[in-house]
């Protein structure tokens, strides 16, 4: 991994990148000493529903809102998001709640638009080695959540971040969301060791997505607690008013009540570890 | 998994198997509401060294001692343990410290001997589907730590426990020790989601081995914390006075000082989760 | 897999898509009854070298030339191809040899250019679920070689092809290039069973890339023979005049002499299986 | 892999272990220059059925009979074989057909019995690292088929063979039977590259089990052909008079008619590769 020049800590220096997210009412910080909670539905499904859940998230102490406007779907016949309309709803939710918003960018031709409406851009698992997209995200200057490819080694993941860093953007947040293994009882296998390892190797913040990592609502809480205990700097969690009716990822989405319970637990843990939450 | 009759919880009943380990000065309990710490060197290397580390472990609040007398080694040319001599040292350490001892049984023909000297028998990863050994462990009546095969599905693991349970022994403790994936920067990938899932599916206690799960000393603490936060009922950790000189698993063994730090953290977490530790 | 409407065979019909590649001196066919050999260097490194190897390939009976102009590299510091200059060299090689050429498209914004200069476009492993790119490849109307993602299930792969098919382009050639497993002695694990399974499930042609599948020159011949014996409709093989000096994938590249030996063997096998080669 | 002293070829010497199996009417050879076919049902289910299929196999040119007397089953509630009664039926089938017989040994305490009745002993996947069993197989002096563990690296597999070789028994036949990956449409992923690699690295013969490798009857023929083309020295194939009624592995068992077709193809391939079959 010698070739990885920017993503690794320099020898013997406990260097840490702290990222400040503008856009909302007050700046939100991601990085060492913080436990940042990002939450919201998998996809923006309608204006009404999104604004409603956004307000609920705000009340529950969430720091950043999530919501997909462009959804990468295995099948071309599945719901692929509201597109630009979804971006506008996200921007409206930010106005309403004062919270910054994050959404995934799928198509390099929509990078400008996504940057215009949102505060953090997310590069999803399937695009972790979409190198033109990484470079463009680097040029955008926006904070980037870089999800680990579901079969990417830690080395490849760091090199993917290097593409963004090298383009002059040092605001990269790594996101572990589970890797693919032979185990089929969960959607993915969350690699909690990777979180711990990366806190040692890299100065970049790392967060965990316990929703995609397990694919099961009832596992979100224990895995979220495990993530913070392993050193994660934050969480990204799917919440939906009515998961059974969700257009995507229903089985792994929490109801607001279940989420409130997770958030309480996480805040207690953050206190134990002297992290702001 | 319908065929798995004994290892699963019955519907709607939050059934929990609590295992009491006799043998030491006082009974040690493994199961819901407890966070049991098992520690010691990978292998029993000599009488002096083992008795010394055993006393240190006792002082640091460890509940059960570990130490291998029969070591399964990839190469026939590696150190394979002291055999019966090792078992006798383990029994002596129990006398000295008042703590129960656990060791791995490799050869079905040595089952009686292992049961004679030790308080808990361990079935290792490589033998998770050694069915004659499982049945014999079932007949032994001793508490059994059943490690997950490094490529075993959760279903296969539960069925392996079923072999022991069906032979009339309900004292089975599951142990997650990492699975094999494409990631090569750690020895294994600890499947923290499996811990959470099994707490829902099965009434059996489950512990985690953060030493084998990562293969790296510096990751033992964060992974141990993650394990307890995901719901694990205990930990099994490798500790060695001089890891650099260890005859096996040196890179993942903690020094006593490092272990003391881990133990402190775990005790705090146990308190947060209302677990005895 | 019910949702996969276009890539699967209809029940009880031994439907087969046969793809005719124009562009060269004579039309080249890929599909049932043929064993099509695609060969050339990993990357187009210089005009002189490429034209030289192209002529050698032509003499050795190769049907289609390969050569990367845009290379997806794990590290941003590795050679990433000659870009448009490489495309022009490919077009010149087609003029010179009369053979059609295939190259990978990485960036959706370069789709038109790649289609202008080349006869087949390749979507690489890392982009197998780059959905905007798939749709654009669908709209292009060009024959597309769709490589399997290195951790993609067969179902996901077929759904990826469905994105191209649904956009109105039925000229899709699947390419198995090895999947990622725990085995580290080879670059990938070639999934020869998937080749056999897909010949049953889908009407699309399927070829195998024994070079990436193994990462080792000495394994290209046995794996190429295995692929054809499992039912593959063709092969794509890396050949370089001087593999030790190759700017990418040297260890898996054959010298022309070694390639000639593989080609002889494949031609014999094709005869045994009544395939044109 | 330097520690592996006996299983590897010495540098620059194309050393090959050829194993002669006595026991039948005429000696059967496994190793370079031969393509040995082992066939029969997964388990010996009854005397009548086994003797019948044994005669059919004999007629179809099979060289060695297979049949399980002790079956390793994931669930303790599944059919586990006829035990000693099964061994006697195997011996009777040998008398009847003049073909040597192979069966799996599961329990080290039954090693003598298995050696008494059978000509080759098989160590199954789940026992690949059952080191006491390996050593005992080494001491037995019988030819041993050593199946690859379904998540064993090639290095671990060679080291497992080393346990047998080191105990003084050089009659080891490696058997690739598929590894476990994320792909769920087949029972396992046959690692055809490993066959090719091992022909380079080791002097031991290697055979392939296309039945377990795929778990699907219709894939046995293409995978068997691929195996021989990759360099395998033989095949072990499951055949059953009435697969739908088989007590184990029905979906992957061939009917005698389907097997006859596979055998014809394999004999043609063997001829092409100048192998006796």
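The letters A, B, C and D name the chains in turn, as written, and every chain counts its residues from 1.
To be clear about the criterion, contacts are C-beta pairs under 8 Å (C-beta built on N, C-alpha and C of every residue); 3 or more make two chains touch, one makes a residue touch a chain.
Here the structure is a predicted model, which means the values were calculated and not measured.
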Q. So which one's got more C-beta contacts, A-B or A-C?
A. A-B
Q. What's the rotation, in steps of 5°, that superposes subunit C's Cα atoms on subunit D?
A. 180
Q. Which chain is most remote from subunit A in terms of Cα centres?
A. D
Q. Per the centroid of Cα atoms for each chain, what is the distance between subunit A and subunit C, given in Å?
A. 35
Q. Residues of subunit C touching 2+ other chains?
A. 151, 155, 180-182, 184
Q. In their shared complex, at which residues does subunit B touch subunit C?
A. 151, 180-182, 184
Q | Sites on subunit B touched by subunit D in the complex | A | 3-5, 72-77, 106-109, 126-127, 129-132, 149-151, 155-156, 159, 162-163, 166, 180
Q) Where on subunit D does subunit C make contact in their complex? A) 151, 153-155, 178-179, 181-186, 189-197, 199-200, 213-214, 216, 218-219, 222-223, 225-231, 268-269, 272
